[in-house]
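One structure is given below, represented as structure tokens, and several questions about it will come after.
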Amino acid sequence: MIELGAALLILLGSIMSVVSAFGIIRLPDVYTRSHAATKSSTLAVLLSLTGAFVYFWVHEGFISVRLLLGIVFVFLTAPVAGHLITRAAYRGRVKLTDNSADDELKDLLFPEDK
Amino acid sequence: MNNIIVLPLIIPIIVGVILVFLRPYVKTQRVISLVTMISLAGISLYILNKVQAEGIIRLDFGGWVPPFGILFVADSFAMLFVLTASIVTAICLIYAFSSIGESHEKMFFYPFVLFLVAGVNGSFLTGDLFNLFVCFEVMLLASYVLITLGGKKAQLRESIKYVIINVLSSWFFLVALAYLYGTIGTLNMAHVSERVAEAGQGPLLTTISILFLIVFSLKAGLLLFFWLPGSYSVPPTAVAALFGALLTKVGIYALFRTFTLIFYHEPSITHTLIGIMAGVTLVVGCIGAIAYKDVRLIASYNVVIAVGFILVGLAVATQTSLEGSIYYVIHDMIAKAMLFLIVGTMIVLTGKTKIDEISGLIRNYPLFGWMVFVVTCSLAGIPPLSGFVGKVLVGQGAIESGSYVLLALAFLSSIVVLYSLLRIFLNSIFGETIISTEDEVPLKKGMIIPIVLLGVGTASLGLGAEFISEYVSDAAYVLSKPSVYIEAVLGGNK
Amino acid sequence: MFSVTFAIILPFIIAAFVPFIYRRFKYMHIGWLVMLVPITLFVMLAMLIPSVAGGKTYIHTYNWIPSLNINFTTYLDGLSMILGLLITGVGSLVILYSIYYLSTKESLQHFYCYLLLFMGAMLGVVFSDNLMVLYVFWELTSVSSFLLIAFWNHRKASRLGAQKAMLITVGGGIAMLIGFIMLHNMTGSFSIREIIASIGDFTDHALFIPAMILILLGAFTKSAQFPFHIWLPDAMEAPTPVSAYLHSATMVKAGIYLVARFTPVFGGDQIWFWTVSGVGMITLFWGSFNAVRQTDLKALLAFSTVSQLGLIMSLLGLGSIALQFGYSEDSILYTQATFAALFHLINHSTFKGALFMVVGIVDHELGTRDIRRLGGLMTFMPFTFTVGVIGSLSMAGMPLFNGFLSKEMFFAATVQIMNAEVFSLQSFGIVFPIVAWVASVLTFVYCMIIIFKTFLGPVQPEKLDKPLHEAPMGMLISPLILSVFVVGIFFFPNLLGAYILKPAMGSIYPTFGDPANLTPDIYAWHGVKPELLMTIGVILVGGLLYRLLKKWKPVYGLLSSRYTFNALYNNFLSLAESKSTVLTNKYMSGLLRDYLVYIYIFFILTVGGFFFYSGAFSSALSMDAPIQTFEVILVGVMVIAAIAMLFSKSRMTATLLNGVLGYSIAIFFVIFRAPDLALTQLVVESVTTVLFLLAFSYLPDWKKEAVSSKTKLINAVISISVGAVVVLVALAVLNYERFESISTFFEDAYELAGGANIVNAILGDFRGFDTMLEVVVLFIAGLGVYTMIKLRAKKEDENIENK
Amino acid sequence: MKINDVILRTVTRIVVFIILTFGVYLFLSGHNTPGGGFIGGLVLASAIVLLYLSNDIETVQRSLPLDFKLVAAFGVLLATVTGFGSLIFGVPFMSQTFAYFDLPVFGKTELTTVTIFEAGVALAVVGVVVTIILSISEDE
Amino acid sequence: METLIVLLIGILVAVATYLILSRNIIRVILGTAVLSHAVHLLILTMGGLKTGNVPLLKEADAPYTDALPQALILTAIVISFAVTAFILVLAYRAYQDIGADDLDALRGTSDE
Amino acid sequence: MVEKILLTALALFAISIVIALVRIIIGPSMPDRAVALDMIGVNLISMIAVISIVLKTKAFLEAILILGILAFISTIAISKYVERGIIVELKSDD
Amino acid sequence: MPAQFLLNLFIAFLWMLLQDEDELKITTFFGGFLVGIVIIFLMHRFFGTQFYLRRLYSLIKLIFIFITELAASSVLISRQILSPKLRIKPGIFTYKTELRGDWEITTLAMLLTLTPGSVVMEVNPAGDMFYIHAMDIEQSKADVLRSITKFEKAIMEVTR
């Protein structure tokens, strides 16, 4: 029964994953896409890892430290990755989508563009 | 215990690594590396005699009996290669001492040479096909580095081609291994041979054997030699000499091993193909050897010709012709090293590379000039220098088996070799000197001594052919009787 | 037998010491010392003449490479005795002559070193019984001849002449070597004696004729037979003592010797007969024909030598027919051709040696040998003139000189051969006397040219750089001695016949019993026979032609110089060089792509070609493992990523796609139950990507490739073919009834190696050796990267080597 | 505005230790579970690479003053010399031995010469990977 | 599965070959990388796929999948990594000194 | 039942990868591709976890952590490359 | 603080020795550790500092916040992705924090990144100003400003 729960957790994760994948196609610029990647995608992987963790715990009575570590690791690094990519994008002069509202960084980084 | 036969591989590796720690101490590095190579020659000679006395020696690494583990197999064929390689390398090292320059020496030149030797020796000794691949890679990586060492434009330019082509050939090797494993299910060469014999070398196995043929031909410069002239022309002289002496020989060794031990059941296909390739190689090699005025290119195409010649012995595949090829390989390792050292020295002395820009060197450097003459005669197979015996035996084998076209091509090539090298001799060694005594670059002792040593080597190998004849005929015997090798590897434990 | 071996070895030993002695005694002409060598040897050999004449032979074997039947076997019999005496005798005289000819300013140590080298080699050729050893010395004569021709190597003509001589003679030597090997394959022996003894069983062997032709090639090239004669005139670039010694008296006789030596082996065969006598005849004619047109005395002598060698060669051919008949009264008649050959061999050495020395004297004293500048020397150089006339008349076959005797015998032999009832000689035999006669007429003409244009007629001091004077006496001794022989032999020919020629006949016809039967008495006068009439005709017609020389000389103009063999040789070489450059440059384009294309095409043709040709393809899907949907999708991912790489506009994209490929493969490693692989693949892929990025900092982004669509198409075809071959073979392999893998053994890893991870146990233990070497590979790469970055070429180094 | 890498550096500080520990674990456990000297070494190398990525060469060198060429050389030496041990004991080259020992804290522990061999492999890998990356990065 | 993977290998090989035949050195290097992927898969496939459990004795029961090809691939991976690193550096060093990443420019002056 | 769900999940993850791959191919900017690559890595982690369940083995759990580590390192490297052109600096700016 | 932990370890070790078993067991050690926790909790005032597990509790709480934020933002993004028409107005805004020190700033940045609709793009060199990209600037700005104090407090509970 719990196994089924774990499986459903995983299924949820996979759906989440497809949604976020869909997001990086649909969203208009790299910044918005990185939202999809850093959040939905991270959640998806956390879900499936948790599912696996639960499965192994229940099914084989095995507490996988490696899985736990993996979860922590993803958790720790995903936001940093998002931060780094968007920063790089901005400094690499990737444009924000046209309907973006404010841009408080522009003047600071590229004053000459005015 | 047969551990001694791993020494030709492991000693250079360990010493090479130790020399990395001794980086600043150039003199120490020189002494150690030379001593290493000389001891290796001694050890190889000892093993060779031991093989002679006790038969083929094998060493199962980790004690895992064949066909499960990796093993080294020392037979006379392998040991003759190892021995000659060690001697030639030692001599090239002496040349390097006075020519390579401290900047190279401090950039791990000696370790790289030793690693090259390790890879070469490993390739000769291994009895496992995948391990052969790994040994090839050791040798190749070392050769990659040695070609580029110094970072001159031409070196960078040619090494790219050399590396890429070799990467491709390594890839072919792995594909061939994959196919072989998929069919035969084993890697031990003796075991592969046994199973191929058991299954019969059907069309599929023959296809796979052709793939191996391509792989080793790329290494040997048999027909697929496109990488060779460029990459042998650019590295420092001592390295070029090592390459000229050693690199193609590994491919040649592998071709002989594979097509005598494993894929010998369909000679009408495989050996005919080898014969065609050898013939074409001889022809295009000859054409190349007279096409250029650059001494390095002339030397390089001479390498190609020799490969064709040696492979005629395998294509013919009688015991006599195999014996001839073995004599010829040994001769060629010595004489080619000598040729490349000479060519390099000419460039050092004159700063020029083309024969029509160099003239009359014999007036400035008489001994050197005569060495050029010796190497010319030696490579042309003029007796009693060393090329002669191999030539005669290959000829005998070719006649025995009725391979007259190959016979004709092989022997005609000697004339082209003679012509191509006489061009150097007549244009650059003879003639009016262009160097006044004031401008004369002194010919260092360290440069002429190795050349003379090799010259003495080629002469004494020719005159003293009887001294190695027992080893050579034993080697050819094992090649022509696969069962001897298989029995030594798989039959019982020693 | 010590003395023969000693004879071979001594010159080499002295040759080795010459440079040292030279340095010691700078002020003495080293020739005096060197001369002792041939004199000593001549005396030694001469002492053996009686016993050899009595039919004794001397043989001794020293082991060299016994396992290959190659041994140092010396053999002295009548035939080798002739050559031995010539080599040492003429050798002594030539060295004596050279002492005056070459000043101490020349690099004498080299000259005498080469000369001794040659002498030893030549003795080796004639005294060797083992064919391989004979070959060794044979090539050594070519080598030493090369060095002697190139003695004045600062002159380009010397170098080219030397090269030509070496290429042709060594080439012929190689052909001969094959012939020798064939003989060995037939008879199992390298010993000439043994081969002669057993050859009867092999005359029908398939190799018999090829071996014969190849050996003849060696002989013909060495003896400057048509069309290989072209090297000999160019060899005249050598100092005249060399020309006299090597290129008239001895080395060129090596081919003659070889034919004589092999007459008992091949003689009696139709092909042998026609080839030897035919080539000899052509050479005879062609040499004499060309000699007439020469204006350089030395060149004239060179062509005359060619011609005379042809004469001797043809005689040997004619004489070989005797072996066809076996020993009988009639066949003895045919052996007389051989007898004449041997006789003329000696005679030619004497008169031609003398003539060369004369020309050398003229050249040396007057600074020219161009007959257009010479004339009337008789009064100023009486001794030289005397020797010159003796030599010329002997060569022309005039009585009172030894040439007359052998020439007469030659005519007799050509007439005699028409009687033979074999080899279609009844119909074609007539050619021999005709050619012989025509050639002799021409010979007469050029001999007259030598006498009249050099020694008689008007003096032309204005055309000479030096005053007219006789040569020093020392220089004249040798030619005078030779001319004494020229005359002496005419008067006492039978002394020569009994002691020298008889045993040689025995060597050539070993089966004919007592050689005395084959040794005729030689008479200057033997009645009015066809040969005498022919000689008279020669004098009459020859005299006429000489008078009318100006009238008919334009004939030579008809022969375009473009179609001579010489031109052929030169054109061939230059064409070979230029064409080979073009050809090699064409395919060795320096472009990596081209090389790769060759390799791929070779792969497709051989592997793919054989695979289809042999019908090795087979496939069955049934044995496949099951597939899941996600696996198919992943395969799709890889395919898309791979193909997208081809179209990526930026290297970064391509690199990332490669990363995707790598990661996907890791997943397949997971699916295929290879955990260690998956781990490694993941890490390596990432590190590789990092490396790419690191390297990209130093490289420009890639531009759109300016490649023609044809190239693209070729690339695509090759790529698809390569992929297809790999796939098809792989499918066949999958369907192959496979042997059981050895890897079940490794499943006991825990007991055997104490590890539960089989892969790790294989890597660390079963195949730990691979792992060790793999680490070395990695280490070399790491160290190599370091050196590549840290060690850079200095600018000044670049310029020297890499143009 | 200058780049402020505070987030990256801070996270790296934790992450590097996780990776290092994991690397050692992979190296030690390779005998029975996936891992081994090679992978262990690669993971350790990645940790160091991560340090270089998030800091700069000077900084890292200060806290990790190693000549990685020599580390690699030492590793190779270790890997080859274990093979050499067999020569002394008169068994075939590269013979590995293993035995079980009771150790305090660790309990029944398997000790094998393979471990030394693999340590060599790991060191060589770390040394080489870092050498390559440093050499390229230091190039001007 | 085997057939599918073999087809995949074929496509990878074709792509790699096409890349290797191009003029840009980076493309060539990427080609060799793809080639190594293909060959690793090939070795594994030739040993048979999914024929047993993971080759960890404490982890799973017999039958085990063939472990030998896995070990071989591991070695091959390492070697191709070493070579790739070397070529990459070689490529950029050549660019630095010769100023071209185009192989046609690396042709070299042919003699005469 | 469980297995079916898991296989479906695997297929979904694989589809995500395909979609991300499309983003890598079409770009347009390098950070876009980096984001997509990161996403592929994360999906692969999930897939390994699920495959481990399907194959009933713990052999691949290390791979999960490794992949996490490497996806992170790759992302850093790529972003640094995009941002600065160099990924390892000789000296810090300050 | 580390002193408390060391002491705890010591107690656990002592406990293990006191059991006087045949071999050293990890379970015994763990038992000792639990005993130690109780002891130290009772005595922590003597150290003059907070009970060290208290911080652990704060940490867990922080992680919990992380997870909920992550879940919430995922849902939000999914909704936006899946909505038939994209009605978002992205943009970049700044936020000045009171937190100091690498750890605090990093944690906050990570939290903000996981907050629905926002990603921290830059931190100024002084380390007190975040430049945040918002998926939908109106909503995100409000969200961030609403929850940021909560975050800062949670972080400070752990670090200070």
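Chains here go by letter, A, B, C, D, E, F and G, matching the order in which they are written, and residues are numbered from 1 within each.
Heads up, the rule we're going with is that a contact is a pair of C-beta atoms (placed from the backbone, for glycine too) under 8 Å apart; a residue touches a chain by one contact, two chains touch by 3 or more.
Heads up on the chains, UniProt names are A = Na+/H+ antiporter subunit G; B = Na+/H+ antiporter subunit D; C = Na+/H+ antiporter subunit A; D = Na(+)/H(+) antiporter subunit B; E = Na(+)/H(+) antiporter subunit C; F = Na(+)/H(+) antiporter subunit F1; G = Na+/H+ antiporter subunit E.
Since this is a predicted model, take the numbers as computed values, not measurements.
Fewest steps needed to get from chain D to chain E, stepping only to touching chains, is 1. The chains in contact with chain E and with chain F alike are C, D.
Looking at which of B-D and C-E shares more C-beta pairs in contact, the answer is the pair C-E. Put simply, the chain farthest from chain F by mean CA position is C.
Look at the CA centroids: the one farthest from the centroid of chain B belongs to G. For this pair, chain C with chain F, the centres built from the Cα atoms lie 70 Å apart.
Chain D and chain F have centres, each the mean of its CA atoms, that are 25 Å apart. If you average the Cα atoms of chain A and of chain D, the two centres end up 31 Å apart. Distance between chain C and chain D, defined via averaged C-alpha coordinates, is recorded as 63 Å. Annotation for chain F: residues touching 2 or more other chains are 10, 13, 15, 17, 30, 34, 55, 57-60, 62-63, 65-66, 69-70, 72-73, 76-78, 80, 83, 86-88.
Multi-chain contact residues, meaning those touching two or more other chains, occur in chain G at positions 109-110, 120, 122. Residue positions of chain D touching 2 or more other chains: 1-3, 7-8, 11, 15, 18, 22, 26, 32-35, 38, 43, 46, 49, 69, 73, 76, 80, 83, 93-94, 96, 128, 132-133, 135-138.
Checking each pair of chains for touch leaves A-D, A-F, A-G, B-C, B-D, B-E, C-D, C-E, C-F, D-E, D-F, D-G, E-F.
Against chain C, the residues of chain D that register as touching in their complex are 26, 30-39, 42-43, 45-46, 49, 69, 72-73, 75-76, 79-80, 83, 93-94, 96, 98, 110, 112, 114, 117-118, 120-121, 124-125, 127-129, 131-133, 135-139.
Put simply, chain F touches chain C in their complex at residues 7, 10-11, 13-15, 17-18, 21, 24-25, 27, 30, 33-34, 37, 40-41, 44, 47-48, 51, 55, 57, 59-60, 62-63, 66-67, 70, 73-74, 77-78, 81, 85-88. Chain B makes touch with chain C in their complex at residues 13, 17, 20, 61-62, 64, 67-70, 103-104, 107-108, 111-112, 115, 118, 122, 130-131, 134-135, 137-138, 141-142, 144-145, 148-155, 160-161, 164-165, 168-169, 172, 175, 178-179, 181-188, 191, 195, 199, 202-204, 206-208, 210-211, 213-214, 218, 223-224, 226-227, 229-230, 234, 269, 273, 284, 287-288, 290-292, 347, 351, 353, 360, 362, 377, 380-384, 388-389, 391-393, 395-396, 399-400, 404, 407, 411-412, 414-415, 418-419, 422-423, 426-427, 430-432, 463, 465-466, 469-470, 473.
Against chain A, in their complex, chain G makes its touches with residues 66-67, 70-71, 73-74, 77-78, 80-82, 86, 88-94, 109-110, 113-114, 116-117, 119-122, 131, 133, 135, 137-138. Interface residues of chain F, counted against chain A in their complex, comprise 1-2, 5-6, 8-10, 12-13, 15-17, 19-20, 22-23, 29-32, 34-36, 38-39, 42-43, 45-46, 49-50, 52-53, 58, 61-62, 64-65, 68-69, 71-72, 75-76, 78-80, 82-83.
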